[in-house]
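Here's a structure for you.
Each chain gets a letter, A, B, C and D, in the order it is written, and its residues are counted from 1.
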């Protein structure tokens, strides 16, 4: 049997919860009916919304201070895929996995076979030039002082080659996009020439882009700081946009919700990128201070809703953009499987709430500068308790009404804890 | 005599200070000589650097809570020009004034004559669509809900016409640029459609741009927030850049140092805009929290230096860009004349320090990733006490060695306090 | 008739909405029942929760750039009380008004009579030493360089006397507390001696405290910045706490939600102040960037919920503290009456949601370090759509089911617009 | 000879630089003389100022993403002490080392002997309960969910015992203080009860304090966030102060310059803590975004100067407080020895500049509210290029005029690189 979650378990879990769900769903449906909205139509839209999970997300994350592993940590990509299958089996929102090379390097045929057996597909590929890979004979040079923007052409070449290798693996397993995030930057004013570093980055990115298969996209991901603490080469959406324009039609901007300066209006950046046609996708997570990589919707759920409000507002332009939705989180104190199930659900919650905004009324109030009614109309969507819709979407797709409870009931974690001995040594957490 | 500062006063002020200045200048010159730098060449470069003062800056500023006017506040543009002349006579760094319409509206011929008599010129013009102008028959509509991005085409038209009138006045007095800063935005999520507001803004800006004289430039000035507190239409350099690209060859981005999110690396934005060829100019000031509009170099002098480091680094590309350097500050607790004299001096200080960086050594260390020596080489410029260079540049141009002391000795403030009765009523401060 | 809202209007408004409310209330009640919670008990707790409105809040606010008044602005404290009565008649959550002296200065007997006729009481008094009051013969000295912390003892004395006069007015009208917020601080490093300024402030506050009636409290309100832009004398809760300790048993700390540094965890400050027994009260509002003074719950509703979670968690300690709940907002683009109705409702919403958290379960998960279930248990309260509870509480107290709709239907704004001619001149907005 | 830096090397390095230093020192002396200041007196004060280096600072730091070790990394505390000796031999500003237990655990007699041989002493001890120590039989329990504030009394007890063990080691080697920094907090709202966690922390800290030798102090170190990303138990100076008060006379607050919210006025916190008598010491470093742990004075040198301005202003109160000055940095891209030499020098630079402020003039301008002259008087100190004073202080103490150049000339790094094989494996960087 491909996945560890047997369908009988899910059925047994759902059975006693069905009646209450049906009642709550009916009640909410009646409420929406009054507003002229068909709940089933919304449920279908929600059910069609998928978000990819990151292979590295099923391991426990950490900080530069420490990493505290949990029991049953996956020891390699195949065990990670097992965990991802559990997430999708229960939550039915995450049918694709985003790989990270070289961490997940394996025979592509094996990867593909395993994923197919588990009912999973592969989303965007992620390269890694922010760590050294001393055991990889193809990466002998250090990225201590940069990768794609390094002053030394040989290091840039190595980083380009690594990205192309990542693309090649991705091509073999059915991925269609490469996400490039680099840690390049500087810790001290003067350490790096801000202009020349960007030119070098653009040059290297052009080489990668030239090496992409015809039907691939490349995502440039910006980040304000960390690991570089004075300047970062791709520091904000402005630089990410300049990059995407320079690289041409295959290049798009990826928005990670935790990579912005304090107080920044992220949903407005989404709106701007939609307009330019360069919105490539998202790395979802939540944060209060920096790139905290917390579970989506746990710090500022209204902000997540506002991002989805822009996406729903974008309408047909969004269909053309077809953004790549991914989670990128660091699970330091929770069971990673549970956090990913929850986060996918929160993302769908924000989407459902955005779908339920009375958009015609909203536009009318906006046109009339009725700030009060426009604001209230938008919040009316957010205030709705849409959990019945989310549960129904899961249920109808074969998932669990309460997926975290079902996961706990499954005994999966205890089982793999027995099978996967703890890795000795911890150190700072790479995420 | 055109200006209130008689040259005898300056000479009397300078006389007892000359010897010490000469000694300090010689000492610094000898020190620079050791590094192979000619102090006189640097002094000449500094002397050639001018920064415009804002006409509104010579009045006392305020906050939304209160404005506390000082004695002798100028009552109109002609008295403001008198004050600006004092600033330039003493500091010799600010030969041009930036006007704000409708505040400074007057017969262009009179403006020109007055300025010429005072030895002043006019820099970029500033329009004002963030306040209502109920006494102006050409501006009957309110900007409460926006101006160039308003949902009502009639308001947008009014705002466009106002900008074109501002250009017309500027053309008559020898200005060559229009700075457009709008307060448009929203206070509540949903109040405004983020995408449509930007489209309307672009449409209006295109009309203004079409109305520009052939040799004019238009500057788009971004600001993160205030007066709008949820979203601002031109919120960051990314949106400002999109605007400048859309508007074409005459359009450029203006960077106000106080209009960014917390922690943002402003000098990197300067570097990016230099690269795109869209850096239009600066509004200098300093800030710790928000758009505090404090005197340049008083909160973070190293940051100001780093901005000038990028400008010096830009080299010949900067000559092509020919940025417009302006001060934009709110003087709430100091004599505005003194604050503007000081700020111009601080700006020149940062420029002088940036000129004194051993750039060949810096580039070498950057190339070799010697973060320590690169950082120290840059800071070596900043650590230099270049006051003798600044004083010498003033002195040789006919200004005061210690311009604030000379101003205080001049009795100018007491004189105008007698001539200019205090305006009744204060209220919040418009700046 | 005391208030402009006739009870017939409210009944006519409620009639067609009652059935739906009853159904939604019953549905929610049944849902809560399943969790062992009695909806009526919660509704009673919510109904007992009152928050004071600020007299200045019924006028249109503004920024330093502009103020755009709306129609029918109240011209004095008696018209302001009329507006406050409308807010309370419709929303039934705001039975008390917080006055601001000297803005609201009037014969105390008249104030009391008017309030009684309108069914209103008076909450904490607010003094004003952040503006000059040139027409007040008792306040001839300027606060430009500070008030209670001014270097000049005569200015401090004047400020102390003003506070004592404010207390005297408050005593005559039944208030029991004085809120002291000062704008004292500095714009430049060095302008003010940070230590001596605080000593002077403490000295002046002690004089005020000595002058308090026996049953009064004094609230120290901190703020990070604005109007001072380099340092503020009472900059954070730490300094506010030092103040309250130094002043003794009558002194407490007031928390304004918009007066903190970016990213600060406000609910934790509430928790700390609860522990010290020095939590005095709140100024509710919401903000994204600085002290934006936006409507409560419009920017980050989850944060407001978390503040109330701490208050509910405080349990009996809160009864002892008996905090003063007030709104402090600036209504720049909405009808102030509508914003205050909405804000009071949002505050009650956060309270209701906090009451609905399964606290026993929460504590159990916390004790077991089950981060996932603890987090989900807390969010389960927030996710509930408690609008039926809020509406029911209003309805049973004689208010409107949809108070903003009822206000619009009342024609009140049009009526007062006809009675209250617009005040000429706007300028920056004092709020 | 105990240290690797032979005194001949330093003399050979200094010889060709002496003449220039003498000239620059004389010139600066003459300049200060004009202001009535004796340069030699300042040099003596600077020479008397020492700052401790952290033992962990001589290893390469890292981020959660990666650590890029440099050559010759010390493999244990004895090699770390060798490196610390080099720093002090060349810079003559860092005669004491701050140890971190269990990282630096060794026989106290050996530690003491080694330090004495190298001319070093031991400053405050640091405990570590933010990482697990699975190989330490006395620390079998995990700190994943906290240490001194853990819900489980057994974990708290273990953490207390570890702190007491750290004190015992410190006592044996002549230390007189314990710095307690914990990573305790939570990543999700609800995960931890904010109030109870603080109570548990206080309880545990009291036990540690009770175990302190009579002449010891304990420092409570606050931090806004990281490794906890929603709440931190000791999140700001307010909570640190509450802690120090609760613990009594031996407890003080330690200020790390990188542990504050964005935009916070750190020098004002120093001023407040001086007033309360609870300022215990500093962890110096610099930062732009978060706890970046960069070299002191490299991001905002003016801020560092303002901190020292408060210390100089504190006068005799500071003598009574006798703060502990330590560096706490993470050296990710520089040679750690060079960074520590530089940072100590920058700290002394700020001190020297603060000493050179004309304090009588400053106080006069403050008293008169002459914001301009007060601000300029303060900045006049900062603008001075005091490098000759710093170099002279080093030279006279037997150190190097240009200590980084001397270090490079010494060949020390190459030598130890040969002796200390690289440690296999890197991972995230613990700092």
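The definition used in the following text is that a residue touches a chain if its C-beta (ideal position, glycine included) is under 8 Å from a C-beta of that chain, and two chains touch if they have at least 3 such contacts.
Here is each chain with its UniProt name: A, B, C, D = L-rhamnose isomerase/sugar isomerase.
This one's a predicted model, so the numbers in the text were calculated from it and none came from an experiment.
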Type of chain B:chain C copy interface by residue overlap (half), same or different: same
Copies chain B and chain D - rotation angle from C-alpha fit, nearest 5 degrees: 180
Centroid-based (C-alpha) most distant chain relative to chain B: A
Between chain A and chain C, centroid-to-centroid distance (C-alpha), Å: 39
Residue list for chain A, restricted to those that touch at least two other chains: 144-145, 186-189, 191, 224-225, 230, 262-263, 265, 288-289, 295, 298-299, 302, 333-334, 369, 371, 375-376, 379
Chain A-facing residues of chain C, complex: 20, 24, 27, 31, 34, 262-263, 265, 288-289, 295, 298-303, 333-335, 338-339, 342, 369, 371-372, 375-376, 379, 382-385, 387, 404
Contact set on chain C toward chain D in their complex: 144-146, 151, 186-196, 198-199, 224-225, 230-231, 235-239, 241-242, 260-265, 267-269, 271-272, 274-276, 302, 306, 309-310, 313-314, 362-363, 365-369, 371, 374-379
Footprint of chain A on chain D - complex, ascending: 61-68, 130-132, 142-145, 183, 186-189, 191, 224-227, 229-230, 262, 287-290, 292-295, 298-299, 330, 332-334, 425-431
